[in-house]
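To keep things simple, chains are lettered A, B, C and D as they appear, and every chain counts its residues starting from 1.
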Amino acid sequence: MINKIAGSMEDAVADLHDGASIMISGFGEAGVPDELIEAVVAHGATDLTIISNNAGTGEHGIAALIRENRVRKVICSYPKMAAAHHFNARYQSGELELELVPQGNLACRIEAAGSGLGAVYTPTGYGTILAEGKETREIDGKQYVLEYPIHADFALIGAYAGDRWGNVVYRKAARNFGPIMAMAAKQSIVQVSRIVELGELDPETIVTPGIFVGKLVLGSPVNAGESA
Amino acid sequence: MNQDKAVQRLSREDLARRVARDIPDGAYVNLGIGIPTTVANFLPADRETVLHSENGILGMGPAPAEDRIDWDLINAGKQPVTMLTGGCFFHHGDSFAMMRGGHIDICVLGAFQVSVRGDLANWHTGAPGAIPAVGGAMDLAIGAKQVFVMMDLFTKTGESKLVDHCTYPLTGLGCVSRLYTDHGVFELGPDGARVIELVEGLSIADLSRLTGLELAMAPADSPA
Amino acid sequence: MINKIAGSMEDAVADLHDGASIMISGFGEAGVPDELIEAVVAHGATDLTIISNNAGTGEHGIAALIRENRVRKVICSYPKMAAAHHFNARYQSGELELELVPQGNLACRIEAAGSGLGAVYTPTGYGTILAEGKETREIDGKQYVLEYPIHADFALIGAYAGDRWGNVVYRKAARNFGPIMAMAAKQSIVQVSRIVELGELDPETIVTPGIFVGKLVLGSPVNAGESA
Amino acid sequence: MNQDKAVQRLSREDLARRVARDIPDGAYVNLGIGIPTTVANFLPADRETVLHSENGILGMGPAPAEDRIDWDLINAGKQPVTMLTGGCFFHHGDSFAMMRGGHIDICVLGAFQVSVRGDLANWHTGAPGAIPAVGGAMDLAIGAKQVFVMMDLFTKTGESKLVDHCTYPLTGLGCVSRLYTDHGVFELGPDGARVIELVEGLSIADLSRLTGLELAMAPADSPA
């Protein structure tokens, strides 16, 4: 029998290891798997590479991982946030490596990993300092930069509901990077606000099929004023 | 650069109104973070404009009432928004496919500098020690069918932000098709900048002198 | 006001022209836009390039276009079907050009077109006669073939329901190539079994957002014994 | 090649049963068109196996009753199927991402020829005048974590289909990890073929002679 449901946040992140690369979904507060990240802090794994759109703010989430000096490298599009003091301090002291990637290239490199492509030619970034040193090619009169897939050992994903096969649906703009990160990591761990019976999710509307999910764990209710 | 009192510079609001006028009915539009976002306030009610937000929304509506805020429904600037009837959600891969694949009709962006051939610099001042952060800027710059930039034509210290060559780090090459400023509207392209509109009280000679660029009006049959 | 709904099949294909490239969704009978293809036959456009998984069978659909000698080239993965006599005859006489593409490469080349990539490195086909003459590259110890996007002037798509903004949902395995073809064509034309009011489709479960759809037209009821 | 009456060749059904035994609980499996499809009939009821169909289905179930046929719910061989509770639908892009991206645990395919190093030929005889048709064969061959081939070991005219080098056009290079035949089961890899199981009445010497290959049994600790 397939049962991907972990009994606790601790169980959900039990396979983490030092040196792991970890994708973390979320854009703004939407879709950030807060409790899974807290569990990573508690787990103690260090020397991590974090792949996420942002690099954390305040004292929570990725910022807490950086504060605790668990992060070796961040691959992201937008680390500059109000209250990103932990990122700023470690980055400016040279303790933290940053690979800055345009957001759409971050998305398509994650997609390339998930779909087994070896590399893609993308137009984004051509002629800018973010493409410096990268291979380029003119195709049909347009200039492209060769970009390689971003794989990860783990993906931590915030979603809305899921079942024991690992099928998952999201809520509004909290979907963001979740579905594509789930495809690109060796083990995807999904925090949901509701666990439902198998068959309760409509087969037509499942967004992340269970094949892309390793573990599923019940987290806090939806991040919203309005009800779902 | 408004020492000349006769020059009727556009206010921020009038500039947003002017940009909104050029967005046709049924257009799919991405409004960049900051000033471009205000264009939404001036889209005519008799047109259906579908706003794209790169975090996975089509059909984005205005800000909600305080008691209807939903932090799962935010725009690219992380501000709470609403959803219009007919809108939908999708993941980041599909969202940037819309952008990169040329499906968005118009993208409206702010800028530090724009070159006469449409190069854009709007993501990084290049200041030493600054935390670099690009977000979706480079994707927005090169993906849409048309990229509009809206900005003040001059910096606070009077330097023209429309330039021959950008000195700030580039966001995209030759990507801006039209520039809307408080002093006038420009068409940009491989052959350089041409002026489409000038605000009242400003001559093309004045504008050339103030910007340090050799500017000419677009021919009357230019698509304005 | 946005209204993508065409009044008739004839109106829906009115923009077709000689020499056009046309993607046609469907796998087996599922998702084939039968009435749109009939409208193409009636329209009379010729010298067409057809991009589809199959190349038609019997006297209907793509087979009818081939029979009427409207097709210059077929790009597909599987033209060999029972009753593909029209394809077979024109192919063997040399009147019809065939570009045979592995099904997954067909999918990812269509996706590359829709998402604005210049080219992709795919592992599929490496070392086979279908990769002969193509550029290859070793990436991370694995061999890949460079494949270019497949764009089209039009896509004809069979779907289940849609609204006046062009938002579309599909039914079961009739989804197949529809969503990715809708993204890769200059004008996508979707035949649906139901036209619904704007807002009737759940924003969380729309599969093809209206931005990818040019025209929508009411076709026949669902292709099923079982009810929807 | 069953002149030798003592050789207890596996029937098609027993071969499918044998393959099914090696599919673990919870595996995501693609069963190729034709004979491999029959493996589904022998998957133990106490295991949950999730069948993938490349036309956009996970959780595919058996054929429906006549009066429940739905032509929008078919497998890759275009035969009507059903859907298990927990299954879902997706488009061709995602479906082949599952395959190409290494998300499918096991793919079971038929073959014209398989080489001792795991090269696969199963899509085209190369006969002049034949209509070439590849479908998903090349994607299935190279995408899954493990590729099993099931076939008769010999052609009707007695030639071994396990060969040193394929003479038919290739589907994929070095992609088959295990070969299930009516005469025995083989492990394939860069170092060549090793025999895991032989049917009763067949010696490794017989098998080497019949195939024309130098075959050896896998060491006992081999993962069988």
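Basically, a contact is a pair of C-beta atoms (placed from the backbone, for glycine too) under 8 Å apart; a residue touches a chain by one contact, two chains touch by 3 or more.
This one's a predicted model, so the numbers in the text were calculated from it and none came from an experiment.
Q: Using the touch definition from the top, how many steps at minimum link chain A to chain D?
A: Each step joins two touching chains, and the minimum needed here is 1.
Q: Consider the two chain pairs B-C and C-D; indicate the one with the greater count of contacting C-beta pairs.
A: Most C-beta pairs in contact, of the two: C-D.
Q: Report the inter-chain centroid distance for chain C and chain D in whole angstrom, where each centroid is the mean of the CA atoms.
A: 30
Q: For chain B versus chain D, what separation do you get between their C-alpha means, in angstrom?
A: Those two chain centres are 56 Å apart.
Q: Distance from the CA centroid of chain A to that of chain C, rounded to the nearest Å?
A: Centre separation, chain A to chain C: 32 Å.
Q: So, what's the distance in Å between the C-alpha centres of chain C and chain B?
A: 35
Q: Chain C: which residues touch two or more other chains?
A: 108, 111, 115-117, 122-123, 170-172, 204
Q: Residues touching two or more other chains, restricted to chain B: which are they?
A: 83, 89-90, 93, 96-97, 99-100, 143
Q: Among line, ring, star, complete and other, which best matches the way these chains touch?
A: It is other, because the touches fit no line, ring, star or complete pattern.
Q: Check the chains against each other and report every pair that touches.
A: Inter-chain contacts occur between A-B, A-C, A-D, B-C, C-D.
Q: Under the touch definition given earlier, write down the residues of chain C that touch chain A in their complex.
A: Going by the criterion above, the answer is residues 108, 112, 115-123, 137, 139-140, 142, 144, 148, 169-172, 202, 204-205.
Q: Would you pull the chain A residues touching chain D in the complex into a rising list?
A: Against chain D, chain A makes touches at 1-2, 111, 113-117, 163-165, 167, 183, 198-199, 201, 203-204, 206, 209-212.
Q: What part of chain C is in contact with chain D in the complex they form?
A: Listed in rising order, the residues are 27-31, 53, 77-80, 84, 87-88, 91-92, 98, 100-105, 107-108, 110-111, 122-130, 143, 170-180, 207, 222-226.
Q: Which residues of chain D touch chain C in their complex?
A: 53-57, 67-74, 78, 83, 89-93, 95-97, 99-100, 124, 129, 131-139, 142-143, 169-173
Q: Could you list, by residue number, the parts of chain D that touch chain A in their complex?
A: 25-26, 28, 47-48, 50, 52, 58-59, 83, 85-90, 93-94, 96-104, 143
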